[in-house]
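One chain, chain A, links the two complexes that follow: it is found with chain B in the first and with chain C in the second.
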Partner chain A sequence: MSVARNRRPFDAGRAAYLALNALLLAFLLLPIVIVLVFALNPTPYISFPPVGVSLRWFEKFFTSAEFMNALWLSLWVATVVLVLSIVIGAACALALARGNLPGRAVLTAFFMSPLMVPAILTGLALFQAYLLSGIGRPVWGLIAAHTLVAVPYVIRTTLAVLHNFDRRIEEAAAVLGASPTRVFFEVTLPLIRPGVFAGGVFAFIVSFDQFPVSLFLVVPKGETLPVVLFNYMKFDLDGAIAAASMVSILLALSVVLVLERLIGLKAYVKL
Partner chain B sequence: MTSAAIKLDRVSKTFDGRVLAVDSVTLDIAAGEFFSLLGPSGCGKTTSLRMIAGFEHPDSGRVHVGGNDITDLPVHRRDMGMVFQSYALFPHRTVAENVAFGLRMREVPKPEIERRVAAALAQVALTGFETRKPGQLSGGQQQRVALARALVVEPPVLLCDEPLGALDRKLRQQMQFELKELQKRLGVTLVFVTHDQEEALAMSDRIAVMNRGKVEQVGTPTEIYERPRTRFVADFIGEINILEVGSSLTALRPEKIRLVAPAGARLAGTVETANYLGGSTLLRVRPATGPSMLVRETHAGERASRMPGDAVGLAWNDTDTVSLEG
Partner chain C sequence: MTNTARPSPIAWLIAPAGLLFVLFFVMPFAVMTAMSFYSGNPVTNPNAFLTTRHYERFILDTAGIFHEALWSTLRIGLVTTIVSLLIGYPLAHWMARMQSRLGHALVLMAVIAPMLTGIVVRTFAWMTILQDKGVINTTLIQWGLIEKPLPLMYNEFGTIVALVHIYVPFMVLTLTGVIGRIDERLEQAARSLGAGRLRAFVEVTLPLSLPGILAGSLLVFALSISAYVTPSLMGGTNVLTLPMLIAQQVGTSFNPNFAGALGVILLLVSLAIVVAYNRILARLSGEQGMA
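Presenting the complex of A and B:
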C-alpha cells in the first residue's frame, strides 16, 4: 500500500476534478431524488422531511382518467413526432450535407431556427396561424408543431455523422453494382442510423416534455401530460405531481434504453 | 476470368470551371496489362481513374472498355472492381458480407455466393476471418478484404487508387508482390494509381507518367527509367543529373557515372557529401564550375571509396546519356 501511495502522490488537480464532477452529478440528480421523495411521501401536501413511504400518489395518478388520457395522448404524439422528425430530419441533413445546394449555410440556419426562437413564441405564432387559416386545433396540428421543434435535433445529430462519413464506402458499393437507391439503403442509411436515432431520442423527449408550444395548441379534454400537470398544479400541489414526474422520467429513460439496445447509440460515438 | 482493354480518347475534365484536372489524355491499356498512372498529387491520375470508374464524367472525350463506349454508363453498370486507399469496407458488415456484396447485387444464388466468397477469402489468405468486422482487422488484412471484395465478381478491369498508400513499408512491399502475382494469375486488366515511383517501377507492365493533367510519357518501367523523354519524367523517377549544354538538356543517372582519378577526367571536383544507402553510397560532387553531380557508387565493401573532401574525377559513356525534350 505504501509503495502504491508513493508512486501516486496526492494530486490536488485530480481531486478538484473529481469533486467538481461529483458536484455536477449531484446538481443534476438531486432534484430527481427530491421528486422521488415527495412522490413516496404520503402527506397530502408537499412537505419535508417525509413521514413515510406510500404508493398512494402513484395510485392516484394511474387511476385518474384525466392523467391517463393525457399520458396516452402525450405518448402517442411523441411517438408520431419521433417517426416524422427522423424521416424529415434525416432527409434535411442529407440534402444539406450532400445536395450541393446554393446558400447551404443560410439553409442550415433556417432549418435550425426553431431552436433559436423561444418555444412560447413558436406556440403563439402557430396558434394564431392555425386560427387565422381556419385549421383550428386538431391533434395533427399539435403533432406538426412538435415536429417543427424536434426536427432540428435530428438534423444536428445526423449532420454530425455525415460530417465524418467516408463517401468512398458508397462509391465502393456503386462499383460493386449497387444502384443509387440500393447504395442508400444498403450503405448510407445503416451508417447514418445511429445519428438519426440519437436525434430521434431527443425528438421524443422534446415532444413528450413539450409545454410552451402545447399550451397554445391543445383543446380541453385533449391536453397533453405537461399541460394537465400544469393545470393541476394551479389548484393542488400534492404528491400526484411528483408521481407523474417520476413516471415521465422513467418513460423517457426507457425510450433511451430501448433505442440503445435496439440500435446501439454507442455506435454513434465510433463513427 | 476475362479481361478487357481500356481506351481513354482525348479525355478532359475541369473542376469548378477553373482547373483543367485532366487535359486531353489519351491512353491505350491492353487487356491483362498491369498499368500504372504515376505522378505527383494533383497531376490528374486519380481523376483519370475516376473517369474510368464512372465517378466523374469527362467534359469531353470518350472512355472505352472492351471495345464499348461506356462514357455515359452509370458506375453500377460498368462491372469493374475497385480498391481504395482508405479500403472503404462496409464497417457495419462482416468480412464475408463485405465480400459477398457484389455477388448479392448481381443476384447470384446463395450457395454459389458462399462458395465464391470462401474461394476469394482463401485467395487472399483470410480464411477464418469471415465473421469479423472490418474494425477488428489490421490495415493489411482490411486491404486484402477489399481486394477479395473487388475480385470475387470476376471483373474484367480492376482499378486501384493508391491501394497500398496507408500501409507501412514492409507490409507494402509484401502486398506489392501479392497483388502483382494475383493480377498475373487472374489475368485481369489492372489500372494502378500511385505517386510512389518505386512502386510503379516494381509492379507495372507499363507506366503513364502524368503531370498537370497531361501524360508526359508512356512506357515500360525500363523505358521510363532509362530513357525519360522529358525533364519532368527524368526528375520525378529516381535520382538524375541534368546537364545543360547550350540549349539542349541531357540526363545522366548517378549509377552510370564512374569515379576515376581527377587528372584527365571529363569532370573533376570535390566530394561534398556521401550518403550511405546500404549496398551503395550516393555522393554529391561539386565540380570547379557548374552544378553538383550525383554519383552512385555500388560497393562490395563496407563503405564508398571516396570520402567528403576528396578530389575526384567523373567519367561516363555517351551512350548512357539521354537527351530530354525540355
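Presenting the complex of A and C:
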C-alpha cells in the first residue's frame, strides 16, 4: 500500500507538527532519564545538577535486606500472576468469542470491570473480605487480587486477536476433516498466541508495579517492592529510590524484550 | 453468521475466570457494601448493628473535609483527562500515520516505556523534578530567572503534572488504534476536493476519532480519580482526595466501616461516569455504523 506523496522543500505545518510531537516524547521520556541521573549521582540527597558518577545507591539497594526481600516477593508474585492470568484469561476469551454464550456483551463487560472499578477499591474490598472471613493477609490472597486485575488485560488482547482473524480458517480445517479438538489445538491456539502473550506482558507489569491493590493486602515485612518504595519515599528521598527505580524499569523492560522476541511488539497496538 | 442457540462445550472455559471473579471480586464488593452499613465488624463483634451513620457522616460533613475531598478528586480527574487528551492526541495521530516501520516501533517503545515504569517510580521522578531543590527550580535559580523556588509540588499542579505523565500512554494507545482504523484516503479525498490540511483533519479525521477520544478519556478519568500514590506524594498535606481519605481510614483511623462507605461513594461516582461514557460510546459507534 504505497501512497504517492508530493514532498515540498519546506513545510512549516509539518515541521511544527513534528516539533510538537518531539516535545511530547521528551515529556514522556525525560523523567525516566532523570531518574537514571539521580541513581548515579553520589550526593546523599537528591540534588541538581549531578556532581559525579557512583554506584553507591545501587550498592545500597542490592545490599539492603528490606529492598531485596521486597524485590524477590514482587518477582515471584508477578511470575505466578503471569501464568495464572494467561491460562484463565485466554480460556475466558475463547469461551466469550466461541462459546455461543447468551448475554455475551454483558459477560465481556463484567470481565473487563476490574479495569473500570478504581483499583484502590478492589484492594479495599478484598481487605474487608479477608478481614471478615478471618483469613488474614496471606500471599495467595495477594496473588489472587493481582490475578483479578491482570486477567482483563489478557482477555482483551486475546479477544482482539480472536475478532480479527478469519473464522473461515477454522471452518476450512473442519471441512478438511479435523475434529473440533484438533481445530482448537492446531489452528485456534497458535493463532491467538500473540494476543495471549501480549496480555501476559501487561499482566506481569500490572502485578510487578501494582500498588493500589497491594496497599491494604500486604503485611509488615512482607511488602512488595512498590509498597516498600512508597513507604521509604515518605521519609527519605535519596538515590536508593532512584537505583531501585532503575532496577525495576530494567526488569520490566527485559520482560517486554523477551516477549517481543517471541511475539513481536506489534501485538500491542492492535488493541 | 450462524446463530445456534445452545452454548458450545467451549463455553465451559469461562468457569475458572467466573470462579475467580465471584470469589475475589463480586463477594468482596458485597462485603465492602455490607460493612459500610454496620457499626463494627459483624463477625467478631456481636454488638455490631446496622446503621447508616457512615453515610450521614459523609453527607453532613461537619468537619468540612469530605465534600472538598470528593470535589478535588473529580477536579483533578477532569483536568488530568483534558490535558492527557491534548498531549495524547498529536502523539497518537503521529504514530497511527507513520509510514516507517522502524519509526513506528521506536515511538511505540517511547510511549510504552513510561508504562513499564511503576506509578511509584514515576511519581518519584516528578518529585525530583518539581520539588524546591528539584531540577526545574535549581536550574531557574542558577540562571537568575527566579529568586525563590516556584511552588511546583505539594499542590494540585504537581499532582496533575505527574498524573498526566502516568496516564497519557493509555490515552495514546487507545487513540492510536482508533485513528489507525480511519481510512487515510478519506482525508486525502477532502484535501483533493480543496480542503486545507487543518480543515481536512478537523472535519474528517477528528469527528471519526470521537469514539477513541471518549474511550481514552473514560479510561484516564477512571484511572486518575482512583489514584492514591501520586496525590499523596505530590500533593503532600495540601491535597486530599477520596482515595487518600480511604487509605487514612484503613491505615491510621482503623475504621474499615467508614472506609467502606467512602468506597461505596467513590464506586458509585466512577460507575456513573463509566455508564454515561459507555452510553455515549455506544451511540457514537451506532451512528458510525449507519453512515
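Here is the rule we go by: the second predicted complex is superposed on the first by the 253 of 271 C-alpha atoms of A that agree within 3 Å, B and C clash if a C-alpha of one lies under 4 Å from a C-alpha of the other, contacts with A are read in each partner's own complex, and residues count from 1 in each chain.
Keep this in mind: a contact is a pair of C-beta atoms (placed from the backbone, for glycine too) under 8 Å apart; a residue touches a chain by one contact, two chains touch by 3 or more.
Please read these numbers as outputs of a predicted model, since none were measured by experiment.
Asker: Once the two structures are overlaid on chain A, check if chain B and chain C clash or fit side by side.
Answerer: Once both complexes are aligned on chain A, chain B and chain C fit side by side.
Asker: Who does A:D166 touch here: chain B (first), chain C (second), both, or neither?
Answerer: After superposition on chain A, A:D166 lies in contact with chain B alone.
Asker: Of chain B and chain C, which one touches more of chain A's residues?
Answerer: Touched residues of chain A are more numerous for C.
Asker: Is A:L191 touching the first partner chain B, the second partner chain C, both, or neither of them?
Answerer: first
Asker: Return first, second, both or neither, reflecting whether A:G200 touches chain B, chain C, both chains, or no partner chain.
Answerer: In the superposition, A:G200 touches no partner, neither chain B nor chain C.
Asker: Touch check for A:L176: first (chain B), second (chain C), both, or neither?
Answerer: Touch partner of A:L176: chain B, not chain C.
Asker: Report the closest approach of chain B and chain C over their C-alpha atoms in the superposed model, as a whole number of Å.
Answerer: In the combined three-chain model, chain B comes within 6 Å of chain C at the C-alpha level.
Asker: Can you give me the overlap between the chain B contact set and the chain C contact set on chain A?
Answerer: Of chain A, residues 270 contact chain B in one complex and chain C in the other.
Asker: Provide the residue numbers of chain A that touch chain C in the complex, in ascending order.
Answerer: Contacts found on chain A: 3, 13, 17-18, 20-21, 24-25, 27-29, 31-32, 34-35, 38, 46-49, 87-89, 91-92, 94-96, 98-102, 107, 110-111, 113-122, 124-129, 131-134, 144-145, 147-148, 151, 155, 184, 205, 208-209, 211-212, 215-216, 226, 229-230, 233-234, 237, 241-242, 244-245, 248-249, 252-253, 256, 265, 268-271.
Asker: Sort out for me which residues of chain B touch chain A in the complex.
Answerer: For this pair, the touching residues of chain B are 53, 55, 74-82, 84, 86, 88-92, 101-102, 105-106, 135, 146, 149-150, 153, 159.
Asker: Contact residues on chain A for chain B in the complex?
Answerer: Touching chain B from chain A are residues 166, 168-169, 171-180, 182-183, 186-187, 190-191, 270.
Asker: Of all residues in chain C, which touch chain A in the complex?
Answerer: Touching chain A from chain C are residues 4-8, 10-14, 16-18, 20-21, 23-25, 27-29, 31-32, 35, 41-43, 87, 90-91, 94-95, 105, 107-129, 131, 133-135, 138-139, 165, 168-169, 173-174, 176-177, 180, 184, 188, 197-198, 219, 222, 225-229, 233, 243, 246-247, 250, 256, 259-260, 263, 266-267, 270-271, 274.
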